[in-house]
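Encoded as structure tokens, the structure appears first; notes follow it.
Chains here go by letter, A, B, C and D, matching the order in which they are written, and residues are numbered from 1 within each.
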Amino acid sequence: MSLQINLPGLALKNPIMPASGCFGFGREYGEVFDLNQLGAIIIKAATKEERYGNQTPRVAETSSGMLNAIGLQNPGVNNIIDNELPFLANYDVPIIANVAGSSVEEYIEVTKAFTRTSTVKAIELNISCPNVKEGGIQFGTDPELAAEVTRRVKEVSHVPVYVKLSPNVSNIGAMAKAVESAGADGLSMINTLTGMQINLSSKRPLLANKTGGLSGPAIKPVAIRMIYEVKQQVSIPIIGMGGIMTAEDVLEFLLAGANAVAIGTANFNNPFICPEIIGELPGVLTKYGFDSVEDAIGKGHEHGYTYLSRT
Amino acid sequence: MSLQINLPGLALKNPIMPASGCFGFGREYGEVFDLNQLGAIIIKAATKEERYGNQTPRVAETSSGMLNAIGLQNPGVNNIIDNELPFLANYDVPIIANVAGSSVEEYIEVTKAFTRTSTVKAIELNISCPNVKEGGIQFGTDPELAAEVTRRVKEVSHVPVYVKLSPNVSNIGAMAKAVESAGADGLSMINTLTGMQINLSSKRPLLANKTGGLSGPAIKPVAIRMIYEVKQQVSIPIIGMGGIMTAEDVLEFLLAGANAVAIGTANFNNPFICPEIIGELPGVLTKYGFDSVEDAIGKGHEHGYTYLSRT
Amino acid sequence: MINKQMMTIVAKDDIAKDTIEMKLLGSVNLNSAEPGQFVHINVGNSTSNMLRRPISIADVNKDQQTITIIFKVIGSGTDQLRKCVIGDDLDVLVPCGKGYPIDNLPATRALLIGGGIGVPPLYYLAKQLHEKGVEVTSILGFQTKDNVFYHSEFEEFGSCHIVTDDGSYGFKGYVTDVLDNENIDFDYFFSCGPTGMLKAVSNKLEHKKGYISIEQRMGCGIGACYACVVPTNDQSGGFKKICKDGPVFRVNEVVL
Amino acid sequence: MINKQMMTIVAKDDIAKDTIEMKLLGSVNLNSAEPGQFVHINVGNSTSNMLRRPISIADVNKDQQTITIIFKVIGSGTDQLRKCVIGDDLDVLVPCGKGYPIDNLPATRALLIGGGIGVPPLYYLAKQLHEKGVEVTSILGFQTKDNVFYHSEFEEFGSCHIVTDDGSYGFKGYVTDVLDNENIDFDYFFSCGPTGMLKAVSNKLEHKKGYISIEQRMGCGIGACYACVVPTNDQSGGFKKICKDGPVFRVNEVVL
């Protein structure tokens, strides 16, 4: 069965890729399985300069999920290009670079830096970072700021730009439409929901950063809803993510309207999850009557309701 | 140990109450345990006229949570006053009436109707309903609409008004401040996150209404974060809810800044959950060094960070 | 009165494909349980399978204070239940809903029509009717041979026609084909099964008195959450809660 | 190389209050496991306990291809682990991290200082040092008598001082009190325990060569997620990943 999917800039052998921040720059998982099996790899967020990130603890466990507040730790875009991308260039897998920043200028500079490598096949624009200049409002929660940063990044990018949407918004459709009109080639959704856990013994938030991003199966219904909603409002492709643990979950995302999917938290539970899901996907597609991945995309929008039956 | 808490209009023997929509009008759970044990009861949403609600299926199960799309089914405020409140008046438990509507006028009329009974001790203003006149935008996602409806309802209400906030917003603090300035006596948070589940066999959203509200432990980190955030921005009391399953969870909400809590989804898993938690709360408070419920409220905002230790 | 009790699994058998029969020993008296009622089982913990699963009472043994349930594994909850072993305790709400109102029914010849996993509640019903001296005929439909269960058990109470979709066991066809082909005499019918079957049966037997048992996804299982409503057929805009007013209804009482 | 394997629980014993010793039989060769390394155990399923739990390797039996772990029940994951029984399979990443680099260490007299549940990794270390002919002295601190474990096991390799906070077993006081009171001669020290203890030990022994083992909440456990970083002490703004570069570090290599 064909698992192939073609998206702007990305010829994917299958729709499965590790999500940004959950797979580093591939080295560690590369010791565990052959990365050539993957549809693509989304690398950890890059900022202009090296960043240490937040204090620890940086992760907490929640019911069917986890919180993280890594704080965009990374060696800076130039170090990534010089020291991390050459390793990934050995593989026959498209690399998607996650670009972060706290000002439009930083997003532009990071994107520009990536133009000097041919290893990166697409940009994932991470607009969930706070906009320092505008007083900490997230680019990801204001349609105008989001459109602005998308437009400016598109001007300098030599590869397609996928804008990664934050779910912490009142109107996800408005965000999607704003970045689509600003020229986004695709969407990537969803990033984490902002959450907190308070430790009863220490009587304070468990994460040193206080709040963290909620990921894992807990947020899957929110991801599915947002993708379903956005799919009806835009025509650019969607890389879906949020709580995927199984090949069935992948199909649910495809039905909702995702063209490909990314897997984050599940890697921590099972380092082999990506290749395992790739292996199981054809069987699941067949079981539910699909001949290819392409065939299933958006099919959750068509069918009439069928009643429960306990036969 | 004293579990008592006094909130505007509500002298609670303990801070535990069933959440709106998860306890009907108390009759069914009243057959299972003595309702006099409860701190308060928040009854199911009331609209002006009788409403049948959405088509079935109305519920779906998700990882550590559930989706519901009941659609505000209720017999209408007058039937509630005539046929449901007399039953609840037999108990020595304050009743909080959840008021819903799809226009400011409807909210006002429902609230006015409740002035003819003395059984209702407070109003919980459910602003998550779509505003039909303004084209379906939720009152709960627009600070100005929220303030407007709060102000108008306050004008006619003879009891304190707690505004129930929706978590489906970019900026929960702005919502909270808007309704506080409009005269809200308290907040109730959080309502459900909008989600969806797609059924793989039928290839369509499982709920007949397509989307539903996500509740249960999955959303607890979002609830804790929002309460913690709002607590720092307003001075009115907060009734906290979202995923409470244990007395430890209740303490986490108190530390985050809730003055009392409501329990929803957990009732379905265990019909005795409210009295059980009331029984366990004193032990949990003592274990973590508190002498009363009052003592624990907001204490998660004070302490410095203490390191992990595996002694 | 519904009570919440821990019930111990005292027997467990595979009786057909993915179909398991379990006997549960009660810790609180089970005498009030009626045919058509169900149990609401907690199959998870606080993070997985938040919602209880409704399963019909397939039999009650008042001497031993056990109830029998028969369930088919179709998803995560029933799969979890399948993993339980003899000796395990289950957290159960019992008995839920209203059963077949046979106590005051002037029935003399009853026809029972069950489909698939709708068959279990009819077994205890057949037994009770038989004890009351009512003549019982049953028609049970299954997908295929592998799914068939309780054929001989039903035959103890009267004649039993089995149909399968593919004819691999009994007659080939639907339960309604038996109604067409056999001239079964009865004054009341009782049916439980998939909605499609219930509709077909209700249409075919529209001038007969009967009761059907229906299902819907449930939240609370006790009548508080309004998840499981079904509109009534009387144009009044009324409704019933399947978990509390049902799952058994008079034929044509509710909209299928 | 880390591998993911199913390991069978072949022994399980309560050795102190809420403290369990388990022997796990590997299905993949365990010979490369070193003292100080840890295993990363999946204690849940896809919805509960998403994150694996890091537990130190307390001993390795190369003949039997088993490893021993000792853990204290402090939360939902360790509680889940406690519920596992002999014969159960655990999904384990093994071996993780870098251990105590004793192979090329010119140590002749080693001092081991452990606190509470930081004691387990020191056991396999003591054993290995002893095998290499290094003289081993240990100081082990526990809260109270009920928490003490492995006293005689450590005595097999040399003298072992036990302290408890309340004096209910061994000396009353902290591990650092033993350093003050006894004149222990050593060239290298190795320590594992709560951060407060590691700080006190590092300060007291600041002119000594030594290794400490530290902990942090982990995501991946293999170096990919940056959850478990610790800044290095060299003012360069550098950092180490505890799961991959540690959990063992040279004393003063990282900021405690």
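Assume a contact is a pair of C-beta atoms (placed from the backbone, for glycine too) under 8 Å apart; a residue touches a chain by one contact, two chains touch by 3 or more.
Computed from a prediction, not measured in an experiment: that's the story for all the values here.
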| item | value |
| --- | --- |
| Mutual neighbours - chains that touch chain A and chain C alike | B, D |
| Remotest chain, chain A as reference, centres from CA atoms | C |
| Pair of chains joined by the greatest number of C-beta pairs in contact | A-B |
| Averaged-CA centre spacing for the pair chain D and chain B, given as whole angstrom | 46 |
| Chain A-chain D separation of Cα centroids, rounded to whole Å | 36 |
| Inter-chain centre distance, chain A versus chain B - centres from mean C-alpha coordinates, in Å | 32 |
| Contacts with 2+ other chains: residues of chain D | 46-48, 216-217 |
| Contacts with 2+ other chains: residues of chain A | 57, 63-65, 216-217, 308 |
| Complex contact set, residues of chain C against chain D | 45, 47-48 |
| Chain D residues within the chain A interface of the complex | 1-2, 4, 42, 44, 46-52, 77, 91, 93, 216-231, 237, 239, 244 |
| Chain B partner contacts - residues on chain A that touch it in the complex | 57, 62-65, 67, 138, 141-142, 168-171, 193-198, 200-205, 208, 210-212, 214, 216-222, 224-225, 228, 243, 248, 251-252, 255-256, 288, 299-306, 308 |
| Chain D contact footprint on chain A (complex, rising order) | 21-24, 27-29, 31-32, 44, 50, 52-53, 56-61, 63-66, 68, 70, 73, 216-217, 245-246, 265-272 |
